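You will see two complexes here that share chain A, one where it goes with chain B and one where it goes with chain C.
Right after this comes the complex of A and B.
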């Protein structure tokens, strides 16, 4: 009951327009000239001091992007994006070149992260009340401003650094893996990202190593009219284990901002990667003004036998979400998991889901998706489960449930289930309903208000997924859910 | 993309377009011209069209057979009391005596008269934005319009019997309309059973179910056709009941597409069994649009796939904002017997009302080894044990066929199919 009470308290403590990360950090930025052409790509590459091969890779992607057309198959509607009316690179001005210590970071930036609840000074983290430590890579607009606990991770042999740094310090790994899961030509937004990505995290866990702490990246868009194009690459070598968390917020602005990220995961034999996201980009106001367009390509490659990749996501933000974290189950007996809570309110549009591509023998996958639509939003689950002819013994279980709150929203389910051999077993079930009057009545009869009762039932509805989140995130996610549904009851 | 590339017509599309020659009253000509223009814009559907995601008709209908010549009229006998309306090679040759309360007109008469109501029901039905339904509207030159008077209960079925006279490759284009008056009750059989046929059959059947009326539709698709494109366009008025069962087995390519517009407090049930082997490709695509409150829909489709056959099921349940208290349930189950067989499932929900209960389930699996072992341990040979399990799998859908004669025929077919497999 305590958790319920907390949820309800959180709901009460926030204003009608509930987004609490909507502040702007007043900081001077250095930006690439507006618009996108080859010179923009060269500008970004030069800013990052990149080697020639990296620039070529970007230019190749840019040339391909120019021949592609924006996809229109998803159930989201938005005015055409003017790709020439955006800044593709923005960095806080006071950032020096090369590596620096936390003391070199602009205090204004540190304050921003403190405000967001992300302490960047290790001693503060150690002194804090949090029992477990989390290493953080903080990305502000187009650059990584700080990465904590690098030294300690180094001792374990784990590489955790901004990807722009990895290009210099570990070019062999970057060359080998970058674009190997999400090819440059994969889709419109991934190709755009390949051309103009500015920063993101790079993780390499060597064979047999269990990463000693949770790794995390916190993405913040601050600058106006700026797109964020981050790129994350995580490699777990044989028998390694890593758990990675991702969080994101942005200021309230009246115009829409573009966020097109690419995340690539590679798991070798017996390795396991657990990737959790709490996505809380600015969703726009209740009339649908502003908000982030979130076009993200996330894909994991279970390259080795018995490897495992698990995606967990809590999606509450963004005006538009277009995101399908997928698993390519190549290794024999590899396993993919996808746990998702997608909550839409106001005028948000969510089109999200997953792809489980069974290519190896005896591969297994599980999909648990919970969609909650409120206000005037549209919430779509779109997922594909595919078993190749050679993927004998493949197994999938899918469960996607939708909950509708109010009669002006929509919940949709679009699963593609494709079997190409006789020994694969697929199960898929989906339901859509509203919160049952009986359940509400039962709770209210015992003294809960309508709002409390709804919060309790919704928490029960999404519990399967919340349980998959690391502890630190589970608490935050639970609060987020309450906030997102605020105002939708009654 | 270069626009000129898009406008290139395939040989199939060009051949089909060349068959367009509308006749009749100005009103009917205009409607068919509009349908033809839509087809010309869209072309034959390919995988790029979401509702045709798993059936690339552009590729599979590359060679269009010449249009069938007219067939001579002949006497048609009733079958066990059921009224038979027979089409040979795409042309209606006659029918047995019509039951009381039933009237029938030929399509050409209707086109010549051009009365707005009938034309609307024929050409402006649900599904008319689909390129294949549009193609049918443009090219269909034969068919019947059947009216069942209000309050009439027909004890025996009306059978629409589609026959091929021989194995010559022909293109057939037919469009039929069955209007069932308020409170009437009817069993409507759509039968494609000719063996060794190689026709390309384009058929659209519009059914309008009146208030409180009840229609049970049985589709028997076991003819050896080259292509069967069967569209079922259903409009169910308040309190109406529409139940449909389909047996799909013969033919190189079968595409059934069903649109149902469900009015207030209606009941809709769509079910089917597909038995496929060899290189057969059968696609069932349906859309149930709940537009008014309190309706209920149930779908249950079973696919049994052998050889290198392909089964496709795409189902979409739409609940419009107004359709509160909708109860929708959709199930698709597939049994894959061979490693070369393919099953593609896409059960969709599209829901805009909050006070609803909707769900779908889809499974793909092989025969259960434990069940097989259980039967074999009791002395039943393997092939027979398999046949028993497959029969049981199919049975739960077949059970919904109300008409006893029809149900027995379907069951016999399922058993024979299994026997042929075991041999």
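Right after this comes the complex of A and C.
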């Protein structure tokens, strides 16, 4: 209830077209020369003092990338990206390269995070209103600036650090798992990421350990014309559990910025990974100028029996989103879940969905997708459910609802369903609806403005999915929903 | 005072209200009766500020101020409440959430502080008890799957919570069982006060047995064709509308 009210508050307090997170932090940064060739890859690797095997891995990816072409099968349209016109590495300058404590962090950076509402300092978290405990690994452009709660996690045996650090401290784990879920040549953007990834989070939860707190990364794209290529790798060993939150914001920019992240999850026997994303990158202005291109590859591998991976996403930002968090259900009786809220407004284009690949016996999956299109945006759900010949007893339930606001937007549902054995059961439900005049009038008669009414109705529409989010995230998500729907009515 | 003066309204070229004039004074309960399709619900929508209707002539004054230029939510904050003939379902939004959002939206427009959650809960409980609305219902999505009578009760509960200056009840009695009719009427009567007015639209005398009106208006073809005391309703019950319908032609 409080959250709904806050939603309503937020709608009122923000101007149309004013992207709340549109500020630029003025700090010096160190960049690789513009453009992309082998020397860029070497530069990035050298900056991170990477061992030879890591450099080779990158170079191999780069050589393969040069032979690939950009995919064009999604519904999104955008001007051709000039890959030579981007910076592939950018780090805040004062920080040097090695690990550091919070006190080494540029105060300007800390202020940026404060503006974003991220509790970087442990004291702040502990002094917070709620008793929630979140460990934050903040990525500012390409480098992880600080990792909190490390000590306590260490005690539990949980490894949570920037991936650039894990390459040095846990090379055996990185070697074993990196690229094992999203192969280097998986797709154009994943291959590019493999060549030039800058940083990201690494998580390893040992057998039988329940991670004592939610882990979180906030991404922020600050530097102009910098592609962001995070690489996240999360491993839950046998019987382990971890919940990971990813939040993103980027300052307001005129030029489009490329974002091509790769996230790999591995769940062994009886392990569970819950991965939640709230993505509110700059969507561009109402005319479609500027905004982030978000081409992301996220995939989870339910490698072990009875393992479970669950993706929850709230996507309100980016000019273009191209994203399909997926599950490979390899282990017997493993389970994959995908809960999604995707909101598009203005000229945003969203092409998102999931893939559930049932390979093991008695594997189950569940897909709940809520797409909301407003303004002149286009919102496509694209989902694949596949059962292998050997995946007997596989079951999927898909529910895919679209809500249209106004009549200049579009919603599309593109399901691909394929069962190669007779004992699989796939259920698919889909609806498309509009907010009716009757509903709006009813709410307004009770005192809500048209925008407040819309936010309320939309929050009702996405309720099933919001309930999947950790509490604090759900509140933030409700606010974002309200903000992203500004100017969608009237 | 709620004054409707010479109101002409149409929708898609169809004239529905034809120079309707009507006044509801503070402290007064005015009943409107009239045949199906005579424009009673249309009148209530237009007063509340529904957009698809075109007001071609006339005005609606709330305490002397023309409200025709105000949006529906602004009129609500000024104290206009409409209990709908057909309440609307809002999936996924729990009734409780909706009640709190509306109450605070109105308070905010009026520059009043928001109600804290405990204060709000207290208020809702009191209203729910009074109207025999089970708490469990308030946790369900608004009006979704509610029976006809439950929806009507909830409309009155909302009126209780929002404490309007003028309440318009559009056939709130239809769908109510005998006990509910009594409970809801008692609720409305409890709200009666020298500063609050009601416009009660109904087809049946039985509601007016419980909520005794000060005046009764007969509406036909978008006009008030007859005004009288509470005995007028009894007469209509006996003779129907034939005398008045021809009069209006």
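Methods note: the second predicted complex is superposed on the first by the 471 of 490 C-alpha atoms of A that agree within 3 Å, B and C clash if a C-alpha of one lies under 4 Å from a C-alpha of the other, contacts with A are read in each partner's own complex, and residues count from 1 in each chain.
The rule we apply is simple: a contact is a pair of C-beta atoms (placed from the backbone, for glycine too) under 8 Å apart; a residue touches a chain by one contact, two chains touch by 3 or more.
Because the structure is predicted, anything quoted here is derived from the model rather than measured.
S.K.: Does chain B (first) or chain C (second) touch A:415, or do both, or does neither?
M.R.: first
S.K.: A:475 in the overlay: touching chain B, chain C, both, or neither? Say first, second, both or neither.
M.R.: neither
S.K.: Which of the two partners, first being chain B and second being chain C, lies in contact with A:173: first, second, both, or neither?
M.R.: So A:173 meets neither chain B nor chain C here.
S.K.: Give one of first, second, both or neither to describe whether A:442 is in contact with chain B, with chain C, with both, or with none.
M.R.: A:442: touches chain C, not chain B.
S.K.: Go through the superposed model and pick first if A:406 touches only chain B, second if only chain C, both, or neither.
M.R.: first
S.K.: Given the touch rule stated above, what does A:156 touch, chain B (first), chain C (second), both, or neither?
M.R.: neither
S.K.: Please indicate which partner A:59 is in contact with in the superposed arrangement: first for chain B, second for chain C, both, or neither.
M.R.: A:59 sits against neither chain B nor chain C.
S.K.: Just checking: does A:81 make contact with chain B only, chain C only, both, or neither of them? Give me first, second, both or neither.
M.R.: In the superposition, A:81 contacts neither chain B nor chain C.
S.K.: Determine, under the contact definition given at the top, whether A:428 touches first (chain B), second (chain C), both, or neither.
M.R.: So A:428 only meets chain B here.
S.K.: Residues of chain C touching chain A in their complex?
M.R.: 45, 48-52, 71-73, 76-77, 81-82, 84, 87-88, 90-93, 96-98, 100-106, 109, 114, 117, 141, 158, 162
S.K.: Sort out for me which residues of chain A touch chain C in the complex.
M.R.: Within the complex, chain A contacts chain C at residues 1-2, 4-5, 8, 436-439, 441-450, 452-453, 456-457, 459-464.
S.K.: Quick check on the complex: what are the chain B residues that touch chain A?
M.R.: So the residues of chain B touching chain A come out as 1, 50, 53, 321, 324, 334, 336-366.
S.K.: Which positions of chain A touch chain B when the two form their complex?
M.R.: Listed in rising order, the residues of chain A that touch chain B are 69, 73, 389, 392, 402, 404-434.
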